[in-house]
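Shown next, in structure tokens, is the structure this report addresses.
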Amino acid sequence: MIENHKPKIGVYVCHCGSNIAGTVNVDDVRKWAQEKLGPEGVVIARDYKFMCSSLGQELIEKDIKELGLERVVVAACSPHLHEKTFRTAAEKAGLNPYLTELVSIREQVSWVHTDKAIATEKAKSLVSGTVQRIAYNTPLEKQKVPINANTLVVGGGIAGIQAALEIANAGFHVYLVEREPSIGGHMAQFDKTFPTLDCSACILTPRMVEAGTHPNITLMTWSEVTNVSGFVGNFDVRILKKARYVNEDVCTGCGICTEKCPKKVIDTHYEAGLGYRKVVYTPFAQAVPRFPVIDRPNCTFFQKGTCKACEKFCPTNAIDFKQEDEFINITVGNIILATGYDLFDAGRVTNYGYGRLPNVFSSIEFERLSNSAGPTGGEITLRDGKTKPETVGIIHCVGSRDKNFNNYCSSICCMQSLKFAHIVRERTGADVYEFYIDMRTPMKAYDEFYQRVLDEGTLFVRGKVAEVTNAARYPHEKGKLIIHVEDTLVGKQRRIPVDMVILSNGMEPRHDAKQTGQTFGISCSSDGWYIERHPKLDPVSTMTEGIYIAGCATGPKDIPASVAQGAAAAARVLDKILQKEVEMEPIRASVIEENCSGCRICNSMCPFNAIAFIGDLKVSRVNPALCQGCGTCVAACPAGAITGTGFSNEQIFAQIDGLLMTV
Amino acid sequence: MAQTKTASLTKGAGFKKQEDLTLLNEVSSATAGVSHLEMCIQCGTCGGSCPSAADMDHTPRALFAMLRAGMRDEVLHSNTPWMCVSCYHCVVRCPQEVHIADVMYTLKSMAIKAHQYKDNTAPDFSQTFVDNIEAFGRSYELGLAGRFYLQHQPLRLPGMAGMGWGMLSSRRMNILPSRIEQIDQLKAILTKAKTLELTS
Amino acid sequence: MTDTFEPVIVGFTCNWCSYRAADAAGTARVKYAPNVRLIRLMCSGRLDPAFVLKALAGGADGVLISGCHPGDCHYIEQNYKALRRFLLLRRTLKGFGVEPERVKLVWASAAEGVRLAHEINAFVEEIRKLGPLNWPKWDNQSGRDLPADIEPQPIEEVPA
Amino acid sequence: MNKYIYYPGCSMEGSARAYAESLSQVAKILDMELATVRDWNCCGATEYLSINLIPAYSLIARNLAIAAGQVNGTNELMAPCSACYLNLEKADYYMAERPALGEKVNEALAAGGLHYKPGSLQIRHLVDVLVNDIGLDVIKSKVVRPLTGLRIAPYLGCMVPRPDYQHRWSDHEYPLELDDLMHVLGAEVIDFPLKTDCCGGHMSQIAPETAYELIRRLVSEADEYQADLMVTVCPMCQMNLDAYQGEANRFFGTKYQMPIVFFTQLMALAFGIDAKSAGFGLELVSAKKALARIGVEAPAPEPASPRRKPDGLPMPPHRRKKYASGREASDEKIAVAE
């Protein structure tokens, strides 16, 4: 078919300044394309300093119009950067956008190779591959799908709350799902926030209340997303609403049940194991929603069948021991994941003795200890709950910047440690040591806070602590914790006896981040954080259209950055909603029915159930609205009866031929 | 003008010699395994962990900074490697997985080759130990103790007599060395091995 | 230039992970062997075993297949199908008398540019050790005849 | 029957005879078959590595090559001495990690008609084998004379849990394998904070004052916890703490009398072997007084320092790490003195 008529192809080789031209002989590639690829249909080959500039684009538009080009090949950067640019330019000149292809000779050639001759050769063969392929490209039309205006936000920490409020305030509906009994996240546990020392609860709770009462927000706490299907514009989401054993319709949140519950357990979650809570409880006083939840595994009624104190005293008969878990299905157009982080388990650093030495505290333990709503009412004491420390050591980088644990810097620990130092000095007057590798205080007013803590007399020691021990070597160390460290600025080992050690734990991806990512169809980096579509230019999007990420789910962040990301993700979602419909890439499979033998192998192959067997005709047929274009069925069809637009067998075969052409 | 400037600059101590930027690499490649020495972030975990740091003239961390700065003589003169007790606390705690203990072995053998150690007690102890092994294939505690103490710590001998007698009388120290059967095979292996060096 | 054998390798990458890993390697200027030419597919599940045979027949000495890590597929689970086809393909190649090691499957997420570069280097060395692929030409244009005992057979499709 | 290729090391024939004798008793009772490496040579301790790298690794690798030739149903090479264990494991590991080292060492070995392929052997320490292969339950079942009333400071030393190239230990800093082993013998086990600190190594020879300080730290801490004796797994540790304790006492003007015995001696004792056959009497700081407690009704010793009061703030959970074999550690609590 095409053999008789080779479409007219234009080849454009970009210098990208010296980015490409420094390693690839651009002129040689152009000449070669013009001469050697002439028989393949190349009628014009040009090179230009910056093809993506408006002048570069005009060059293409002009050639399309004047030379009647039917295909355009641009050898430049990755298609993930500029494919859209050139397709739009070609479209302006009247060429279907899918008849333009990019060849990546920057990311795949000039940036990764050094030998100019070899790089040039490789560039030529890549160009040749695409020239061969593009002859088989066909014009395609984008499909438009209407967007459901509802949004799902997963995670009710500060990033998720911010995102939900932005969208709700713009007038669109949000489902805010949180797996704990209350929204608020880690921020609800903190005492003060650096560097301003605002009371964390004071600035957070108004936002929580707003989210809890907003007419456009459906709050679903004690709930988890279990399944997501569909695509941008129309996701079907299944949510598990765990039984609270409290009827939310009649509960007033008066708290009498909690008061009357006779059983106390250690609160490993909100109080970080330092305090106790009842078995029917709200995690903290300002919890949103205010409904309590019964901790079933610990409840005497569920264990032994007796007690029911809560039920007896509830003035509105809201306690419902028969309540069961239920599933709720919703449909949304976009999803924002703000699932946050887990605190690094300091017990893994055996040499710091956490979990073995009583007066070694984790960062979150200290937050609770210093919080006026915490177990000691804000008194900073040793583990005995009474004694005030006279010397305190604060250790940075616990579990961070360490190949034995996590490679990355957790970014908040320096500021968190400075905050601790300030609070300890202020409340106890104790001598405070800070042990750091490097001080990292780069954001607004952060370094000023470092200056302030210096000024308060905190003793800074540059050195990563080697060990915390209770083995005294000298009489003055008896009964103390001894911090072993090299003071690297002095070049000497020091043993510093202290009463209390505070570890600045790093952040880790959620323990189930990978599993959650699979539910939503997004992936994690090797560290376990979710991968952004582009780390700099698209930090709240993912590879999956319609799924956005915000806050610590993508990596360690402080509160301002998390809030900014929540808002940014909301803006991206609003942009989508306001467009009312979304364009879908027209890469689809279709069955050539006369070739179909009706074997139905493809039916089970499709993960989206897009292929149905038409009983009357004994052939299979692809539903283009469901097909996502992965091409698995194309590869699987034993009769070769399925073709995939954009990636047809002819295109790939031609590209292989082109790549292997001797240059 | 330019000449005067150079002349005045060379007076500064830092300009006496050109920095030896190959030193770090030399040490790294002469170390068994992959040393990761170039990855050191100078955090001091090693210096903080070291049980004998108090008796070192430089902490291990400082020594690595000196390697980077190409201070060959100062490093090879340092007693730090000789004070290493091979407890591997630093190795397992190092956040950058530097094989610190093995680097210390490398520095010791480099110092021996360059005859640049300050105090010959430790090198001689090692050499005496090795001589025994090369002769018998096994270590020989009495021979080692006798030869070594007479040479280096004669004053310590009287004080240790009781202990030595205790060891001998309980037959915890043998009077005669034991020898492996195929000592010639071992000697052939070691002779060949001495002609080989680990470089790249 | 030394006269060491420089293998030609065709690589099939997934648009969502390994192609982006190649982008990431480029952005980070990670250097790797220039022997591999990549083809972008939407998914490793699109990989028709015929592509691999075509590449080997057309002069490639090795074929690299790369997709998302198990569980990370952009299309839910199609990379598992690629894995199954890959395993069958290796068996088929053995039947053809071609070393199955000439085809390699590598999982690489979009963040793993360094890893992909590393795998490419390792693969190039592996193929270099195997030497050029002595695969009889399917046509006679090269002037070489097929050995009498080998009949050109239609490529067997593997419904994964 | 558990089979191992056995590398005794030089000390087992000399200063650590008590270790060798008690081990042979224990092995018999636990049905362990130990096939000694033929004509083994010294591993070079920590000395040869300081002199010359390739000869040092060749010296070690000769043993590996011979042992690999003896593989018969098992490729597990077991060493009771910490330094020997580490050297053997290190050579095996580095010869693979740095192929250049492996090639050079094999070039040297070839001069003696030998060759070693790294990875051919699994190199194990005795304690690892006892805890992970034989198992604490089996050991417990063989106890006929529980060590009830004996207060023990378990001391593992450095070179067994570190650097631990093959991840055979539950922790680098605070492994509890030896604690648990002593516990099943019925002894009262101290949560000894210095359980993996250094004994001074060869410093007792070349820089005695450095060594005395390290010995003092260990002995005084064990004394602080009112231990009856310390148990060790390493001939060098035993030698330093036992033979040089007197010198350290003289140096600091202290009067510690802390017996240091090999853990296998206590196992043998608990298995019903008589004290002499278990190698007792060879130690220089006598364990006589400590042994008198066994089988005798002894009053419970006072805790070294006040135990933590149950009031105050709760402690974070101390999650024990798992053994390499995946076995769970014994549930019973270990005596804690803080």
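Letters A, B, C and D name the chains as they come in the text, with residue numbers starting at 1 for each one.
To be clear about the criterion, contacts are C-beta pairs under 8 Å (C-beta built on N, C-alpha and C of every residue); 3 or more make two chains touch, one makes a residue touch a chain.
Every value quoted in this text rests on a predicted model; they were computed, and no experiment measured them.
> Would you indicate which pair of chains has the most C-beta pairs in contact?
Contact tally peaks for the chain pair B-D.
> What's the distance between the Cα centroids of subunit A and subunit B, rounded to whole Å?
Result: the chain centres lie 49 Å from each other.
> Just how far, in Å, is the C-alpha centre of subunit D from the one of subunit B?
From the centre of subunit B to the centre of subunit D is 25 Å.
> Do you know which subunit C residues sit against two or more other chains?
In subunit C, nothing touches at least two other chains.
> Can you list every residue of subunit D that touches 2 or more other chains, as numbers and ranges?
In subunit D, the residues touching two or more other chains are 172-173.
> Residues of subunit A that contact two or more other chains, please.
Where subunit A meets two or more other chains at a single residue, that happens at 351, 467.
> Name the touching chain pairs, would you?
Listed in label order, the chain pairs in contact are A-B, A-C, A-D, B-D.
> What residues of subunit D sit close enough to touch subunit B in their complex?
10, 13-17, 39-42, 44-55, 57-59, 62, 90, 93-94, 97-98, 100-101, 104-105, 107-114, 158-159, 162-164, 172-173, 196-198, 200-203, 205-210, 213-214, 243-244, 246-247, 250, 281-282, 284
> How about subunit B: which of its residues touch subunit A in the complex?
Going by the criterion above, the answer is residues 41-50, 53-54, 58-59, 61-62, 89-90, 92-93, 95-97.
> Give the list of subunit A residues in touch with subunit D in this complex.
My answer: residues 266, 273-275, 345, 347, 350-351, 354-358, 362, 365, 369, 375-376, 381-386, 467, 469-473, 479.
> Considering the complex alone, what residue numbers of subunit A touch subunit B?
Result: residues 351, 397, 401-404, 437, 462-467, 484-488, 491-494 of subunit A touch subunit B.
> Mind listing the subunit D positions that touch subunit A in their complex?
171-174, 191, 193-194, 217, 221, 224, 305, 308-309, 311-319, 338
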